[in-house]
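Paired with chain B in one complex and with chain C in the other, chain A is shared by the two complexes that follow.
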Partner chain A sequence: MAVLVFPVVLTILVSFNGSQFIEFPPKSFSMDWYVNIAKINKIGEATLLSLLVASLTGILTVLMAIPAALAIARHGFPAKAMIVAFLLSPVAVPMIAIGIAILQFFVWTGLPFNWITLLVGHVVLTSAYPVRTIVASLTLSNPSLEEAAASLGANRWTVFRTVTLPQITPGLISGFLFAFLISFDNYPISIFLVRAGVTTMPIEVFNYISQQLDPTPAAFSTIYIVIVSAIIVLVERRFGVISLSVRG
Partner chain B sequence: MTDAGAASGVAIPVRRRSGGGSRRWLLIACMLGPLLGFMAVFYATPFVYLAQESFQSWDGEDEPKAEPTFDYYKKTFQSSRTSRALTRTFRISLVSTLIALVICYPVALLLIRAGPRLRSGMLLVIFISLAASLIVRNYGWLVVLADQGPLNALLVGLGFTGRGLRMVYSEGATIVALVHYVMPFMILPIYGSLLRIPDSYSEASVSLGAGPWTTLRKVVFPLSMPGVFGGTILSFAICMSAFVTPLMLGSPATAMMSQVAAEQLLVQQNFPWGSAIVTILTVATFAVVFAYGWIVRRVMKADV
Partner chain C sequence: MAQVDLEDVSFALGSTEILRNVSLTIAEGECLALLGPSGCGKTTTLRCIAGFVVPTQGNVRIGGESVVNLRPNQRNVGLVFQDYALFPHMSVRQNIAYGLERRKVGKAELARRVEEMVAITHLDGLEDRRPDQLSGGQRQRVALARALVIKPDVLLLDEPLGALDRLLREQMQVELKRIQRDLGITTVFVTHDQEEALSLSDRIAVMFDGRIIETGTPEQLYHTPQVRGVMSFLGTSNIWKATVDAADGPHLHLSCGDFRVRVVAESRHPVGTAAQLGIRPEHIRITAEPPEDAVNCISGRIETTVYKGAHVEIYVGTAAGIEFLARQPAVSAASGATARAGERVYLSFDPENVLLFPSED
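Moving on to the complex of A and B:
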């Protein structure tokens, strides 16, 4: 456990150090590196684009995963095992292979490269996660409630909206969260799919780290970790997504 | 979208799962359609094209020759840079996975034994590190292992070494960061499978006179094999395809397969060779995963 926390704590300490270089123990206190974040090339627009792509990735994957997960959890159909394996496989395929394959596909078909290209790549990469979490919460939910609602005369849509949906909300939320965070942080796919003028937050932060040695990325990392921790704590309190992910 | 059951009142109970008919197939097709269609177009098709591209020959001209060749596959194994990158990728992935397993198994055991407060605290830390950006986490290791960093300060302070050691930009640094990266993927499946073992099993073992170590070795560990299998497979696959981590913590001399492929594509612009390298990497990863699954099932007779 110490190994997990160690680099995070040290990064936070270094972000407040006054020195130009990474040094330990810290000798002086300063907030300069937080101000310096603004100097990371195009960080504002890159972060905005990352937020946009990650949000849309989360929404699209969840919207497509809900009916697919319902079909997988509640119905039998031919070649089911193969289809499920196919839908879950992007998790085990090397990310850069996905990036390269989609890059060549876009070159080959002559489709334009813009932020939608990124979105396509990220949806392919992340869609397996919402499928998993929603199937997991469907198997935990109680189908007899749906049957009861249907036998009382509710139509499919009403059953889904009033009975199924509330039961699978934790699965939706954690699926969205996984897709969002993986998309927001992605480098290996994005690097192949961006073109002049389009850039994402991980790409710019990575470029900065490979060119400069000062602790600005530590300040950036600290902010990132604080925000992500806050989101996870809040979502866990409200929906209990952790236990779901362990079981799923 | 009313159906027969709803239209005629309450008389007909759920027919939708047991009943057959073309309407049911249509419904299932509509449910799977969007995701399956999307993945067929933007995931399966690009991979078919990638594999096809890897058999093209390329001599720097725009027009590739017509006949398919295995040139770039041969070249990958013959070139010392790519063949060494391949063995290095296997070595790094194997070592990182084993270290992660040794570190994570006790953590998963601790999670089972811990009280509810400690357990949820630990799970929260694991999830936060899972969600914290990979670049951020790797940067953390750049800090820890830096020439003037805390680990060197500690080593010098304890008198192990006169001046700081050079630890970053090496294979060792890459392994350390990869182990850190895969830890949540190792802990969670093992914890999940430990959760499914009823307490009474180890109680029975202890009451029959087995010590805690024997109980762990003979009862708990074999029953947690599905989790160990899942965790090691996932960790190995993640390490095999590692790209950002060796890029940040390694050097060109310690390049892994993903880097070599990216170099061919982005720098040399040699698409067929880059495609051949990622195809080899993907096939190699899946081959190891299947072989490992087969060994665990057949030889060790574990039910996973």
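Moving on to the complex of A and C:
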């Protein structure tokens, strides 16, 4: 627990430090670094692109994960174990390896590098997470609900829309959150896929750190931590999704 | 409401035969119980009628029309699941209205029919609750209401009372029977509980190992089962092996060692062949002295007595090496004539109460 919390506390404390350097314990209070965030190269533009890519990554992976999860949780099919392992494999492969592979792929296809390239890379990287969370929520929901709906006259699509979908909402939300968050602060894959003019938040923050040692990135991270925590708390209150992904 | 016919239905999963040539007719308005031990294929039979299982062979007809090519949502069947399968994200009213919405029933008509069903199943005042705010018995009634409101051709119940405790189960048995009678709906229910089958149904089909081994009214199956398996599965019974010694008019004489039994034999069993005899515990008299006129009588020693409230079960070991179970009203116990373990007693029973089965059965 202490190991989990320590970096967060440290980051927050350092962000309010008056000193030029990252030091601990902080000696004076200052909000300067929050003002200074604006000085990170292209930070606004990069954050917007990160948000766009992360949102689309979340939506696309969830949409792709629904049929995959339904097949895994509800049907038997040949070589099921192998296909499931394959679908979940991005979790097990080092991100750098995925990054290089995707880079090679795009170079080979000759497609231009733009934010869509980035999006494809992030979808590959995160696709496994929604599959897991949706399979988990399908496993928790009772398959006879779907049969009950069918026996009452609902066709397959209506069964999905009126019964299955409400049952797996927590899985959809937590799957989206996982994909969104992983995409939003991803560095190792993005670094291979960005080109001049297309840049993401983590890359610009990292570039800043490699040139300056002041606590501006700590200030940025503090804002990030506050927003993400708020989202997680709200979503957990409403859907109880974190516990779901742990169980999954 | 409609008649349901299963014609020579078989179902196999890979090389495992789950149903073997099941043929069954459920008359319009009849309540039939599919009774059998778990894994006998009774639920699969129900799912064949509902459309979740497509038979590998044979035909299923509802109201005379073949439904084997219809998907579950194209059949007009009301299904109550063992775990009720109520939609947890919908209120009681929404659950009941679900089937009507699928049928595009108009708003006013829908509200009227839901209300009517709420009244029939005594769910008044619970319409806006969610399933997790209901008791087991209430959930059962919602499931029933949801299945009945669509006016199905046939009502299918899978272990309908299995999830309820004993007291509630007895209440729901009465209620279920009342609703089924009032609506006159063709009903098939699956149960492994013989008491439930006996008290709820007009007719019982006993299943074993994917086959229907006997069909009949509860009285027929309890008093005059044709198959030994039915006798041992329905209620408690004493069954022992014997050899046919002689035929004498309407009677057959059989023996098991020194123990001779006379039975009223309807079926023909040649002299010298082996057979099995069965008698219900309540048909055995226990006396301290051998009764003068008794034809079938054997002496023994009481091994155990089990007090069951309304009656006492008495286990008696006999000289023939057979242990008999006899059942006596508990009033006699209160009046002082208590049978005690170790006492020497005589067991006797009438020829017409003894059932005779072929030995290979």
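Here is the rule we use: the second predicted complex is superposed on the first by the 248 of 248 C-alpha atoms of A that agree within 3 Å, B and C clash if a C-alpha of one lies under 4 Å from a C-alpha of the other, contacts with A are read in each partner's own complex, and residues count from 1 in each chain.
We adopt the following convention: contacts are C-beta pairs under 8 Å (C-beta built on N, C-alpha and C of every residue); 3 or more make two chains touch, one makes a residue touch a chain.
Predicted model, so just to flag it, every value in this text is computed and none were measured.
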item	value
Partner chain(s) touched by A:167 [first = chain B, second = chain C, both, neither]	second
Touched partner set for A:155, first chain B, second chain C, both or neither	both
Which partner reaches more residues of chain A (counting touched residues only), chain B or chain C	B
Contacts of A:88 with chain B and chain C, given as first, second, both or neither	neither
Which superposed partner A:37 touches (first chain B, second chain C, both, neither)	neither
Touching partner for A:142 - first (chain B), second (chain C), both, neither	second
Touching partner for A:52 - first (chain B), second (chain C), both, neither	neither
Contact residues of chain A, present in both the chain B and the chain C interface	147, 150-155
Touch list for chain A against partner chain B, complex	1, 3-8, 10-11, 14, 21-25, 63-65, 67-68, 70-71, 74-75, 77, 83, 86-87, 90-98, 100-105, 108, 120, 123-124, 127, 131, 146-147, 150-157, 177, 181, 184-185, 187-188, 191-192, 202, 205-206, 209-210, 215, 217-218, 220-221, 224-225, 228-229, 231-233, 236, 242, 245-247
Chain A to chain C touching residues, read off their complex	142, 144-145, 147-155, 158-159, 162-163, 166-167
Chain A-touching residues of chain C, taken from the complex the two chains share	50-52, 71-73, 75-79, 81, 83, 85-89, 98-99, 102-103, 146-147, 150
In the complex, chain B residues that touch chain A	1-3, 5-6, 9-10, 13-14, 16-17, 24-25, 28, 30-32, 34-36, 38-39, 42-47, 49-50, 53, 103, 107, 110, 120, 122-129, 131-137, 139-144, 146, 148-150, 152-153, 179-180, 183, 188, 191-192, 195, 233-234, 237, 240-241, 243-244, 248, 258, 261-262, 265-266, 271, 274-275, 278-279, 281-282, 285-286, 289
